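Take a look at these structures.
Two complexes are shown next, each including subunit A; its partner changes from subunit B in the first to subunit C in the second.
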Partner chain A sequence: MPSIVPTLEWLEGLAWTTAIRESGWGYPLIETSHVASIVAFAGLVIMMDLRLVGLAFTHAPLAQIQRRLFPWQMAGLVPSTATGLLLCCIDPVRYYGNVSFRVKLVLLALAGLNALAFHLKTRRRAGQWDEDPQATATARLAGAASLLLWSAIIVSGRLIAYG
Partner chain B sequence: MKTKIFLVLLAAGALCAVQPAQAHHAFAAEYDATKPVTLTGIVTKMEWANPHGWIYMDVKQPDGTVKHWTIETAGPSQLSRHGLKKADFVDGMSAVVKAYQGIKDPALANGRTLVLKDGRSFYIGSVGGPNDGADL
Partner chain C sequence: MSLLPFSEWCYGLAMSQVYRESLWLFALTQALHLVAVTTFVGAILIGDLRLLGWGPVGQSRAAIARSAQRVLLWAGLAVLATGIPQFTTNALTYHRSPLFVFKMCLLAAALVFTATLRRRVAIADEGRLPLWVPRAVGAVSLALWMGVTISGRLITFYG
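Let's look at the complex of A and B:
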């Protein structure tokens, strides 16, 4: 199997990635935006998860909470993903070899699958337990998994700086 | 309800507790504050980059061999604030760097002060180093 490293080195050597890597303010601005948008996104995801596991807003219909939070969650997810991809392009070789970065990617994939499975499964059945303060066991499990995964993603993301 | 709030706070606290131990010991985890070194040699390459810069330096040892040092510096915005420019670094120039040696890698160091050939001196340290007055 051919190595991905030459491609990453090519990416790292491009004029625009080099310019951002060597910039005074560009890099801190992108990094800060990345963190700020994650804060917004994770906060809104946690609100949904707390409702699912039954720790908060148990008297509000689940579908309504989901409908209201979703656009704001996306408003956090889109810029955090965009700035994250940008950061990857700026220093790809370093990230490729970074254990915390690899852990974060795996956790992101798991969190994405968890969210996808939850949405596909509940779309059909939400009506049955929408008003019920106690969500179904599957939904509670999805909420708990999401809380754990996103917390671990934030921790592993922070640890990228330390190897 | 009180139990639930307590549980949430406990979980949040447990997650936060993981952080400080790592975050505030970045210098101590990699560099030895009791091993200051003064390196006089040739700068073979300088990476003016975020989040940290790197100076690669060849230093002649007393036994005649050449040791290849890798010296971590602050990032571009901090180096600029202390008066350095990317153009101040020319491959092959001579320089003196005061630094702290790495714990695991003896050829790695955390840079504190850079003295150029023309005598100009700059603070090149990043946050977390010992309070040795190099930043004054």
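Let's look at the complex of A and C:
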């Protein structure tokens, strides 16, 4: 299997990635924007998860709160993804060899699949959800899985700094 | 009044010594601190969005605020429990950090604002206040808490 390392080294050697990496402000600015946007995004995801598992906002109908929070979650997801990709571009070789980074990517994929499965399932039953304030067992499970996954993503993301 | 004796006392605690000697204990505490901060900011954000007239508008401001308050309390305790050892471990460094002092001042302002004006406006009768009041309170709260989060992260880079 061909190695991805030469491609990553090429990316790392580009003029713009080198310029950002070697500037005093580039990395801190992008990394701080990444953390701020991920805190906003994951924070709202966690609020939805707490509603799903029945620990908060239980007075609000599930479908309604999901509909109203979704655009704001996306408003956090877009900049966090963009800044995350930028961080990968400016230091790709280091990230590639980092165990916590690899764990974070796997967890992100799992969280994405969990969210996708949840959205597909709830879209079919949206009408029923508006009337039923109690989450189904499947939805509660999806909420609990999302809570665990996003907490683990944040932990692994922070541990990238430690290798 | 100098805070140096207090910082020296914090630095000398047995707990601080344990944290300084274990890289992974410190790293894990830092990571869990970020999880707690994310949950706390999420609970602030949902309330602020509602104050701004966005987010879960089908629910009253008071209902969202009351439910978010429980999350704020538990997440706030977790932020504190994971933040204190981080401070005591590096108390002498933080003591000299203008960014850390700035974050703490901003945190104090955000806490006072949230416990007083924001809380009163959130639980007030919806028709009693002009529309601009909850919106202004939501905007100030959002700015304060995002400011705390951003300045906290910048300490790593600019001490």
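One rule holds in what follows: the second predicted complex is superposed on the first by the 160 of 163 C-alpha atoms of A that agree within 3 Å, B and C clash if a C-alpha of one lies under 4 Å from a C-alpha of the other, contacts with A are read in each partner's own complex, and residues count from 1 in each chain.
Following the convention adopted for this analysis, contacts are C-beta pairs under 8 Å (C-beta built on N, C-alpha and C of every residue); 3 or more make two chains touch, one makes a residue touch a chain.
If you're wondering where the values come from, they're calculated on a predicted model, not measured in any experiment.
Chemist: Taking the superposition as given, does A:A36 touch the first partner, subunit B, the second, subunit C, both, or neither?
Modeler: A:A36 contacts subunit C only, not subunit B.
Chemist: Considering only the touch criterion stated at the top, classify A:P79 as touching first (subunit B), second (subunit C), both, or neither.
Modeler: A:P79 contacts neither subunit B nor subunit C.
Chemist: One more residue to check, A:M47. First (subunit B), second (subunit C), both or neither?
Modeler: Once the two structures are laid over each other on A, A:M47 reaches subunit C alone.
Chemist: When the two structures are laid over each other on chain A, which of subunit B and subunit C touches more residues of subunit A?
Modeler: After superposition, C is the partner touching more of subunit A.
Chemist: Looking at the overlay, what does A:E22 touch: subunit B (first), subunit C (second), both, or neither?
Modeler: The answer is first: A:E22 touches subunit B but not subunit C.
Chemist: Which partner does A:R158 reach: the first (subunit B), the second (subunit C), both, or neither?
Modeler: Both subunit B and subunit C are touched by A:R158.
Chemist: Just which bits of subunit A does subunit B share with subunit C as contact spots?
Modeler: Common to the two interfaces on subunit A: residues 27-28, 31, 50, 55-56, 151, 155, 158-159, 161-162.
Chemist: How about subunit A: which of its residues touch subunit B in the complex?
Modeler: Residues 20-25, 27-28, 31, 50, 55-56, 90-91, 147, 151, 155, 158-159, 161-162.
Chemist: Which residues of subunit B touch subunit A once you look at their complex with the stated criterion?
Modeler: Touch residues, subunit B against subunit A: 4, 7-8, 11, 15, 18-19, 22-23, 26, 29, 48-51, 75-77, 80, 86.
Chemist: Which part of subunit C faces subunit A closely enough to touch in the complex?
Modeler: The touching residues are 23-24, 27-28, 30-32, 34-35, 37-46, 49, 54-59, 63-64, 67-68, 70-71, 146, 149-150, 153-154, 156-158.
Chemist: Please give the residue numbers of subunit A that touch subunit C in the complex, ascending.
Modeler: So the residues of subunit A in touch with subunit C come to 27-28, 31-32, 35-36, 38-40, 42-47, 50, 55-61, 64-65, 68-69, 72, 150-151, 154-159, 161-162.
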